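Paired with subunit B in one complex and with subunit C in the other, subunit A is shared by the two complexes that follow.
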Partner chain A sequence: MMTWVRHSTTGAIGAAIGIAGVLLALHARREGLNLWTDYITGLSQASIYTGTLAAGVSAWEARRTHKPLVARLLVSSRPVVAVRVAHFASVAAPLALGFVIGVALLWAIGLATGVYGSPFIPWIGALVGAILAASAFGYGVSAVSRNQWYSPPLAAILFFASYVILQLLHAPNWSRALFPVIMNVDSEFVAHVSTTMFGQIVAYLSFVILVPVLIAVAAKRRRGPSGFILVATLIAGVGLGASLIGLRNGQYVTGQNPGDFVCEGARPQVCVNPGYRAGLAKLVTAFAELSQKSSDSDLIASRLEQQVEGIGDSPTRPARSLYIEDLSESGIAFSVARYVDRYGGGIACRTSEHTYDQHLANAVVQAWLSNFDELGFGGASPMEPGAAEFRRLTALGPVAARSWFGNHVRQYMSCGLTLADLP
Partner chain B sequence: MTGAIYYARANRWLTVMVLVVATGVAVYLFGYVNCTLNPLTHVDTTMASLLPLAPAIAIQTTLATGRLQADDSAARIMSRWRVAHVLILSSMCVIALVLAAIPLTTAQSMAPAAGIKQGAVTLARNTMAFTGAALAGSSVVAPRLAWVVPVTWVLVPPLLLTRSDSAEILLLPLQPDAAFDAFVAALILFCVGTVVATRQRVVRRWHRSD
Partner chain C sequence: MAVHEPLTLSIKEATTGYRQRQIFQGLSLTLRSGITALLGPNGAGKSTLIEALATPDRLSAGSVLVNGKRVESGQSTQSYLANMGYLPQRWEAFDRFTPQECVEYVAWLKRVPKVAIRAAASAALQSVGLIDVKDDPLRRLSGGMRQRVALAESLVNNPTVLLLDEPTVGLDPEQRSLFRGSLAAQGNRIVLMSTHLTDDVQELAQRVLVVQEGRVLFDGPPDELAKRAPNTATSLRLEAGYMAVIHSTAGVR
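Now for the complex of A and B:
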């Protein structure tokens, strides 16, 4: 086994890249959800690791096969450029193939587990292009460093360091999108910006061919015009890709709600994206409880539609927005808390000046309404401000609680409650 | 003495020393800078915790850059020389990086965004941990591919875990100075890696695979 690993290392590393992609994609699934968009997010997150690995391993393989390559260059009847490109292809292909097999495996796992949605193919194309570009980077580093003993780790460390430096420099988004690490987040509530992805594919593939061609042309003693024309064409390809990326400022997604809903419940009617259907019953129960606590107020709307905060958050009138992170128990409670925070007294507390006491009273009521005790009132010592009030509020029976809230709803909505007003 | 000079030259000690000094300068200049390893879960760390990766990989790689054939067929046992290689270069690296990190440790504004104190102890611990991981990895994969092990250790756990997960060993490179378990684990890994990678049998395998 170990002998096999040592003798087919790029294949084994290609497999490792595929496995890393699958593991990180499956790990990116949020609790209770099984969405292709999460898989894509995981595959994208993996690109910093797969890219670093591809850069180092390509340098290693280029160094390892340097002597046979030189021998081939001496006796081959094919053009030097073609031999060099074929050599690079033999180095990089197993790595990209490993990733593609990983995606295919993920597809099979998705089908078996009933994943919702489908992958956005240009995104996957950009990820494959990124691995090839990282390989070309490593291949180039190996050639520049004359295939020395330190070339493989140098290529890997340089690749990772370049990523870190780009982050630290706060480079413009379009220039960061040129670097072959795509750590973007996909979602059900976005429109994909294909121009950026196609730009990346063009830029990466041009760079991938440019590196071995440039090495071959630079090594030639007699350089004909054809070599220069080829190099110029490939540089133009990189430029074209960069221009396409720049056209949309390297943006990958833009906010949009496709408005594709499944609904359940009467008051309120809760509508979510079909991919979130598994949590619908729990959401209906949670919002029904909120509705019961606040029945004498207009805190709860008749229809709630799942949205994402920011651009594209536009529920159909008179529906209100509902935000979901995941479908775990705390995730559902957090959804209710975000709803209460947006449509309850939280807004008033933010827009005008209020005392600390009023902020605290508002937080206690919101924690009680949503069953999401983020500030830990329930676990705090009774001497802590708000803790005793929270306990008294949660100890009230349904009728008494509804009656108390009905009597204080106007104060709550205007952030005028104080701790003394709480039961 | 001639043997020692020959061994040091064949195993690129001077290159490693230059790299150690360069890393020390980088620690002094950029050690306090934060970088994000996982933007999705906001797993941050300081550059100081990542910089020992380069000298650690160099220490491991240079162990295998000497004349493996001569090493393999030498009349005298070379294991002691290899142990000395690891111990001398690692000690130098730890001392140099710890000295460079003293301003980090004393700075009040150390790692403000990440909120974690990473200074001299982190550098010493991570040097040992990365060197140990690379050495242990070299006994499994080809010696010139052993860098994959510490690189994987730095990059993959932050993608899978968050700081709130109780995974001190997996997230060892990102732990603060005060993490005692992480320090002990790094020390153990360094010892295990040194023992495993300096055995004659391993060198014989390296020689065959080189």
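Now for the complex of A and C:
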């Protein structure tokens, strides 16, 4: 088998898959953050590309070696099924190995750069299974298309197109989870649904063995019961995996806050997951500024805890939620904006009838409070509604601004401000 | 693996061919130790007969017997295949392999014990005079060398039965001479070799089978075939004898 591996095209592609995995995983890192969960997200999002590559190159390798292999299989004294499976293993193993080496490299990079957390191993297992299954897909397409010159591109295109079609059809989640492309997003604030991942591993690996076994059995002139029993067992394996996936409807993660916090600051005290520690000082500064702007109001809580989304979660009382996307300057401002939107006048604007003018005034104040000018008031022409008001508000000195907000805080919190109320 | 005791290889009441076209129907013959040449025009059924012996489980009807014992599916077929070497007419190569790797792979397929594979492959390559190029990429070898790699593949399991389908076709005279030299050393096995070349028969064979349209027209030693030549003065007596046989209507079944 090592001879096959040594001369296989899949060795180079395995290396490419490993490199692509590392690069995309590193690319998935959010600014200021170095989390294993982001690496996993990157590796997962690479799977459509690595899977397509694996399908194409496996079909290529199957086609390239088809004739000499079949000629020797005719007179092999080893069981044809075993030889076929060994051949497929030599095609697919370098691809999976390339991925695993990529993960190991990522591990080393993570260690060297102080990455937070550790990978969830069943997730990695499912990703390895997905690459093998994509390889088996290509190997099978090559056999079905009779190992023609067009078999490799056909396998790659079919793999990619099948994935796109599954998404466009909005197929049920469990059926999409059966396809060997895993595009889920990992986070520090999730619990992993390992049943789905184990289901994928069982389904993928059964499929991986099923394909070469089917090719071998189909080529036999005289088929004994053992071949059928093996095929039936492997189909049952795919079925078992699919059932496990179906059990949790293909769900990969579910919201959960481990409640593991590091905290800094006094008013408010800002608490984040240890993986986000690097942004703590900047967050404390940003929320201190918000606290200053909104003094004597209920807008700021004494303690903020990082949560899944900032909305719809449950921080420990009397703390409030804090949602962080990344630790860039705009990311920090966005966190403040999300907080203001959740706990400021935004809720009132959404939950009852208000005029356009009131919505606009609320947006201007939120942009000023959070330093996050999402709607671009600062850059807009003064003739644009809200632009002049925003500029006047931001031009106020700290004392005047705090005084103005103190006088209008009740109107703001009830979404009752109009543009005319703004300075 | 030691060469087994002298055996007989028989095909009995065999019907074989391709899809709708059955070339041999009810064919029976027995082969013994030594080189048997299989002569016949194109489409006469030479390759079909060799393939039938190489893959007994693909016979439409009839059976292959080793020492009178029928090769049936399962264990006995695997045992038969483990002791059989086959060089097909069109040898397909793993071009990226070296000769050593090609031969080692076939050794593995033939269940040569793992510890003996390397030595068996080297011995097979030595016997066909390719030990010096055993680690060169196959694609760099000449046609004659590749053909000898194919022969080494068929020899690696030290088979009792060696089936060679036109092994010298496409070789230049020097390569053919080298190839014949390699093959001549294999005479202690049951060797069945199809060929178009009466030179091969003259130099190598102890027995000749002439087939045409699914019938065995001649079965005997080369000298006997040469005697069928109408003009005994010609220097190409064997070829003339062969021509006489295939143009005669009287055949041997």
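The definition used in the following text is that the second predicted complex is superposed on the first by the 412 of 423 C-alpha atoms of A that agree within 3 Å, B and C clash if a C-alpha of one lies under 4 Å from a C-alpha of the other, contacts with A are read in each partner's own complex, and residues count from 1 in each chain.
Here, contacts are C-beta pairs under 8 Å (C-beta built on N, C-alpha and C of every residue); 3 or more make two chains touch, one makes a residue touch a chain.
Here the structure is a predicted model, which is why all the values come from computation and not from measurement.
> Does the superposition put A:386 against subunit B (first), subunit C (second), both, or neither?
So A:386 meets neither subunit B nor subunit C here.
> Should A:98 be classified as contacting the first partner (subunit B), the second (subunit C), both, or neither?
A:98: touches no partner chain.
> For A:180, is the partner it touches subunit B (first), subunit C (second), both, or none of the two (neither)?
Neither subunit B nor subunit C is touched by A:180.
> More residues of subunit A in touch with subunit C or with subunit B?
In the superposed model, B touches more residues of subunit A.
> Look at A:345 in the shared chain and tell me whether it touches subunit B only, subunit C only, both, or neither; answer first, second, both or neither.
In the superposition, A:345 touches no partner, neither subunit B nor subunit C.
> In their shared complex, at which residues does subunit A touch subunit B?
2, 5-6, 9, 13, 20, 23-24, 27, 41, 45-46, 48-49, 52-53, 56-57, 60, 63, 149-150, 152-153, 156-157, 160, 164, 167-168, 183, 185
> Spell out the residues on subunit C that touch subunit A in their complex, using ranges where they run on.
Going through subunit C, the ones touching subunit A are 54-55, 57-58, 73-74, 78-82, 84, 86, 88, 91-94, 96-97, 101, 104-106, 108-111.
> In the complex, go through subunit A and note every residue touching subunit C.
Result: residues 3, 7, 65, 67-68, 71-79, 83, 221-222, 224 of subunit A touch subunit C.
> If we count contacts the way the header does, which residues on subunit B are in touch with subunit A in the complex?
Its residues touching subunit A are 12, 15, 33, 35-40, 47, 50, 53-54, 57-58, 61-62, 65, 140-142, 144-145, 147-148, 151-152, 155-156, 159-160, 209.
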